[in-house]
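Each of the next two complexes has chain A plus one more chain, namely chain B in the first and chain C in the second.
Moving on, here comes the complex of A and B:
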């Protein structure tokens, strides 16, 4: 079983599906093909996950084929503990999302399925790439399906929103492209070989001042997509994809920024943590002021994305593990919340909270699901978000106690805006006649939401499998970061020299910028 | 007294001979009214044969036309360039068929002039002497003057032809004057001798002559490739010219300019680097900036594409700074990709407005996604490629080009270029928005018209090529690298 090129199948199957869709006639058939392909991808992923050995920190299922030899680029894929989790949540969410929007998307159905499939390919490609060039290719290629998804199936002013998103994203990416080329060039200068292999580039000793600029370029690309305040203004218009983007961008931080630029991180990490904490509070406060459900979810996403970034830049085991868990649970809870909201809006055609009220009496099943998703978003213990937020806060507290305190207020604010929304929509008297006739969830909708709920509760109650899957990889990541700090020229900052004096091993996983305050 | 003819080697100019004879054959056959419909296809076949001749010579050692005074040389560089021109011309012929038919400009001369232009470009690429370069340039220019004004009943077409002619004549004048100065400095018009003069000891006066000569040549070639500040003609001429001719103008004639520039700057004048590098880098940045910024506010598609082509010329100027084989190879690769992209973009307009007005605006594209899904899809591919988004060839070309710039040590220039190419996204994506996210504003006359098969064939070929090269660029990259290997 393992001699199948599993990862390539997972990456490229959706493209085949998209090509197949070109020859399919009729909306219903298109929906089935889309769902069928994504379901198949999920099954393949399950096989892959079953064969995954969690005690190995190195990439597994590695495939490598020479591709553009003149540029030193190869097709090089593999999965480690971090990427397999993120790919997993993608594999899970895609069939659910297609099933959830079965009747919601009614225009240009076939094209919708095509772009969703293409986007899945680019996402999987990003997660499994071990070659920086290939990573960038998928990263940029993703913009095309996203652009169409926002532009055609988005909400009001969607074509302008799509353009805005694309421009924001492209400026970040172009800076990253310049940095990617520079990295390969530096490596070529040092070793005489042209390569984009990530593992090789990790080992490159870059002068700290150059590192600083390269790190900034990479951070720009990722920060736009996370999105971090102040690069967030495209999000409320393009919320559809927010959850996906958080996943990608945080992965970019973990995979590239952390191991490649240790010296620059000593300076930048506290700043990033500060910005992330500011984003948490800012997003939560704005969410508090929204009466439009969609915009509220959008700003809550900005707030949650802040947590993810915070965890990543805590630069220790707890923080990074927490960030990954939080990404996974965000996909489930915010994704669920948004899907549920779309189902509601499909019935009543308005995003305004004030237009609802008293729904508990008419659609109890829906209300129950919305409750679970809202509580998960708030971070109720026993549900998945709690695990992530808790680990992140623990991780950050070890580094920057003050920032952790500020960030923790985000959890409280989340409770306020989520419960406020829930109260307005579900509780209270049933005052409007339009709300009386609403139909409760269909079997299909119930199944989709139930599936997500299952995972939310599962991870919340017993997060160990998830944590164990990535433990070795996160440790390896931190050791890599640590060793790089050791080999970098001395005297750049107090951090790297102190870190160098510490023995490599488990201790290293506690972080390199522990005392950089 | 005996005249001694120098030993000549006709094999070295075989592709050019084939091209000139093809054009003449087309011209003669075009006289007979009853063959009129067959002429485009005859041109295609003849171009293809010339292409095969060129392919046949690939990979050999450079062959000079004559040993005593080389004039022209058949090396991989000139052959690859010739192949780019021929491919561009074949696509142009295909998109011309229905356009020329509908506007009754599809006479034999049209296609004959197109092939003459190709032969001129090929001479420019193969020239190793200022005279053969100039000869090629004039053959190209004179053909283009006529082609641009081919729609006699359209005022814009006449205006464009006159503008291009007046400015082109000036540009030729500059080049001739530059040639005179270079001759004065080195006593010869041969590239090799000029390079030799540059390499040796030289007095201040000679240096001044050489610099002046190079400067004047740059003015003339800058006009051809529409480099700022010699770009002003571009939007007007593209707008007025028959759309397929504009396509040809923006790809072929620009490519010819760049090919000559590679020969001149990278081998002949590399001794003057210190002097031209600052100049070219400033002009390149200006070209990129002007092209991209002015394109933002265009709603006439041909003008928009004109400014976009100015911007692309700017990108292609950047690798000259690195003065490396990779730099030249990246320009060649970019030219190949650029030819496919721009022919695709203009081709869509040509197919779309075969019967309508000469100038399509953004509103003509509204709702194209539902009216002509295939055409819209091709246009979208082309636009994403021009913008440099993977998995299209445009991305690969940009990547290779900018890595050559970075390798040359000009990271700032690369960053500036990349950021401006981010700006360009705005106007390329606006086209996509109009096609897919705006309902048709008005029912234009040709909305329901059938699209020509030949035109669609050409467009599908370009779009597929763009995607294929975007995913598997290796073969073309190697070809581009091999092409510049033979340069001295």
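Moving on, here comes the complex of A and C:
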């Protein structure tokens, strides 16, 4: 079984599916192909997950093929506990999303399926890449399907959204590209060979002042996509992508920023935590003022994304494990919420909360699912989000108690904006005639939402399998981070020295790039 | 040891199973009540088994942890799904399943005809599950699961008739106000974990006080704020009166007998922590005493029968906290138990009356308004008699259940905090007054209904009255489980049963028997005075109080001290404005506007530059040469010979 290149199959199978779609005629056939391929990917993933050994912290199922040898680039994939979980939620959500939007997407169906499949490939590629260059390619490659998907969804302000998103994304990507090249160059300087292998780059002793700027470059690239306030305004108009990007960007933080720049993190982590906590409250407050369901969900995502970033930059085991659980939960709860909302909008064709009300008796099954997703989003214990949120708070509280307190106010606000939405949409008297004839969920829709609900409850009640899967990998990550911190040149651990050396760092970076030239 | 209790997981699980069956396998409204009752009845029997098994053990061994499975484990953080079986949790389980069972049976009569009764019974069973998790968990996080779970069920049941806007609003208010408490609760948990390194009760309570010393006051106060939210203590009491929008059996179960007492249970459970902080104990006692008198004062003038009872519940919960705050944890739990009996009965009696009047009163008349009642004693004799017994019990008249528990609390206050004792005494008078006011206005005197309406009023069916009678018996004799030492040595069986739980506390000073007896007589006389006052006004029609009491004091009570209005003006309104401001000004205008501007700038710059793409190769070549020259000049720093 393990002889099969499982990870490569998972990554490239959707591309094959997309090629197959080019020769398929008819919307129904296209839907079946899309769903079939993603379902197959899920099965492959299940096989992979079954063979995964959770006590090993190193990447497993490793495949390595030399690629651009002059640059030291290779096709190099592998999965550790963190990446397998994120890939897992992707593998799970893709068939569900395609099934859930079966009748919602009615125009350009084939293109929709193609781009969804391509997006899955790039996502899986990001999660499984062990080579930084390859990681960057997948990361950037994602922009293409995303661009078209935003277009296909075609919400009213989508062209502006796309423009904003691409400005941010390109700005971030340029910084990241510069940082990636600098890293490889630094490695070449130290060891005389070029390589983009992440594990090798982790071992690189980077001068703290250079670290600061490299870390900033990576953080900027990821912060745009998480999204962190104030880089978030593209999201309400392109919410479809939100859940996907949160996953990817948080993974970027964990995989690249944490192990490579330990010294810079000593200074940046508290700032990131503070910004994340501010984002939690900010997003929640704005969600409170929305009357558009989509925008409400979008801002709640921004608020929740703050929790994820908070957990990552707590830089301890509780925080990081909590953050990963939270990413998985977010995909389920926010994804479920958004899918459910789309199903409702498909029936009534408006995102305005005020246009609904009194739906409880008309569509009870839908109302029950919406309630479960809302409550999961609120962080009700027993549902998956609580596990992540609580672990994140435990992690952050150990480092920065005051920031944890601010973040915890998000708990109150989440209840307010979610229940407010629920009260407006579902409760109250049924006043509008057009709401009277709404049909309840079909079997297909029920099955999709029920599947997500099962995972939400399952992870909430018994999260240990998820936590155990990544435990060894997170420990290894932390050892990596802290060992590097210890071996770093003396005199740089004090914040005052670092603050003083910041302008020097700028010069140092410049000096290097000049040398390069 | 653990093996013998390995079945306890069934106790919460059975109601969950009941809810599950009702949701997924049952469409028949008639059967739904049966399923729900059967689930709770089985749980009750199992709790009885636990109880007898527990008293069969030596007193020192009556604390058993039953681990079901490991719930959340990351590095040093480990929390199990595990249950703690000890006298305190057993008492709570008995109350929850016992009173809960009676209310389930009553619900068949009360809600059986509602079109949504399948949903109703699912919620009710779900509530039992969450409440049992709350009291049975052996760690703080599991308590929090139950804590939030009961909050959710409360939200759903308050908003059960969700097509009524007021019910939907009340449900949301309850959830949100509780969340404020939960926020503090979570912070308390984080602090506990940070300093004690565990969330399991046994570990946390065994931590050296010196380790916790720097944060113990913060921890206990945060936990207490959580308790204040759930148990509706001032200033977080505002949700409970509104919660009366829910069906009446729900008010009896959740908002009187069980859920709202969770805060008291939590403080009693954490007595080892609270006892380490004098500040926290004082805060608990003062908040309790103040809430007791504050709510009793409001209850004196309300006209909605359920609101009177709601404020009465708030007030009685205040008594329980007062007891805990002065170190009389046993008294607090004792009052919790007797209160569960008589307050559940009062609500169910009120429900019986409302149920009868709903069908009898003309359209537009409120069946919950005391002013539409009167003279019902002969029409609804069983309801009347059982409510009379409950009213005597809550007023603290000997030998009804409330007398013993309230007396113990007053004793504790007298010994430890004389000022609070005076407050508690004053509350006792007010309690007697407003409860008999309620009784007299409902059942006494002449009826205020029309003759055709009166004809339609009749006693409720057996399925409603039998639970009433059973609770009436408990309200009458329930106090005898804790007979004070003055009357008979060693007859305080309740205190004796709980003693192992609270054994770590310092011995409370006990006044002499004569003082204790004098206090009892004084309390009884004052309660009698309250009853006399109610009798004078509401049966005899004496208007002496109208002339004596200034109008402003009356309005203050009637308008509930304007707390809701103040909150709207100071908290709800400003938050809404801030949210609006952030959304429309900061987010839309400054951040997004700025970025849109940037985006548009890029686009228009692009549009301008587009004109440079002329397509004429010579132009491109020219630009290339100029560019190359500039680069050469820049790199060499040389501007020609």
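Heads up, the rule we're going with is that the second predicted complex is superposed on the first by the 492 of 517 C-alpha atoms of A that agree within 3 Å, B and C clash if a C-alpha of one lies under 4 Å from a C-alpha of the other, contacts with A are read in each partner's own complex, and residues count from 1 in each chain.
Quick note on the criterion: contacts are C-beta pairs under 8 Å (C-beta built on N, C-alpha and C of every residue); 3 or more make two chains touch, one makes a residue touch a chain.
Here the structure is a predicted model, which means the values were calculated and not measured.
Engineer: For A:67, select first, second, both or neither according to whether it touches chain B, chain C, the two together, or no partner.
Structural biologist: After superposing on A, A:67 lies in contact with chain B but is clear of chain C.
Engineer: Kindly classify A:140 by the partners it touches after superposition: chain B alone (first), chain C alone (second), both, or neither?
Structural biologist: first
Engineer: Looking at A:26, would you say it contacts chain B, chain C, both, or neither? Reply first, second, both or neither.
Structural biologist: neither
Engineer: A:163 in the overlay: touching chain B, chain C, both, or neither? Say first, second, both or neither.
Structural biologist: Both partners, chain B and chain C.
Engineer: Pick one for A:148: touches chain B only (first), chain C only (second), both, or neither.
Structural biologist: first
Engineer: With both complexes superposed on chain A, which partner does A:465 reach: first (chain B), second (chain C), both or neither?
Structural biologist: Neither chain B nor chain C is touched by A:465.
Engineer: Any idea whether chain B or chain C touches more of chain A?
Structural biologist: C
Engineer: Touching A:398 in the superposition: chain B (first), chain C (second), both, neither?
Structural biologist: second
Engineer: Between chain B (first) and chain C (second), which does A:178 come into contact with in this model arrangement: first, second, both, or neither?
Structural biologist: In the superposition, A:178 contacts chain B only.
Engineer: Between chain B and chain C, which residues of chain A are contacted by each of them?
Structural biologist: 163, 167
Engineer: Of all residues in chain A, which touch chain B in the complex?
Structural biologist: 67-71, 133, 136-138, 140-141, 143-144, 147-148, 151-152, 158-159, 162-163, 166-167, 170-171, 174-175, 177-178, 181-182, 184-185, 188
Engineer: In their complex, what parts of chain C are in touch with chain A?
Structural biologist: Per the stated touch rule, the residues are 69-77, 141, 144-145, 147-149, 152, 155, 159, 162-165, 167-169, 171-172, 175-176, 179-180, 182-183, 186-187, 190-191, 193-194, 575-576, 578-580, 582-584, 587, 591-592, 595-596, 598-599, 602-603.
Engineer: In the complex, go through chain A and note every residue touching chain C.
Structural biologist: Counting only chain A, the residues touching chain C are 160, 163-164, 167, 229-230, 232-233, 282, 285-286, 288-290, 316-318, 321-322, 358, 360-361, 375, 380-382, 387, 390-391, 393-394, 397-398, 401, 404-405, 408-409, 411-412, 415-416, 419-420, 423, 426-430, 461-464, 467-468, 471, 475.
Engineer: Under the touch definition given earlier, write down the residues of chain B that touch chain A in their complex.
Structural biologist: The contact residues of chain B facing chain A are 384, 389-391, 395, 399-400, 402-403, 406-407, 411, 414-415, 418-419, 421-422, 425-426, 429-430, 432-433, 436-438, 473-474, 477-478, 481.
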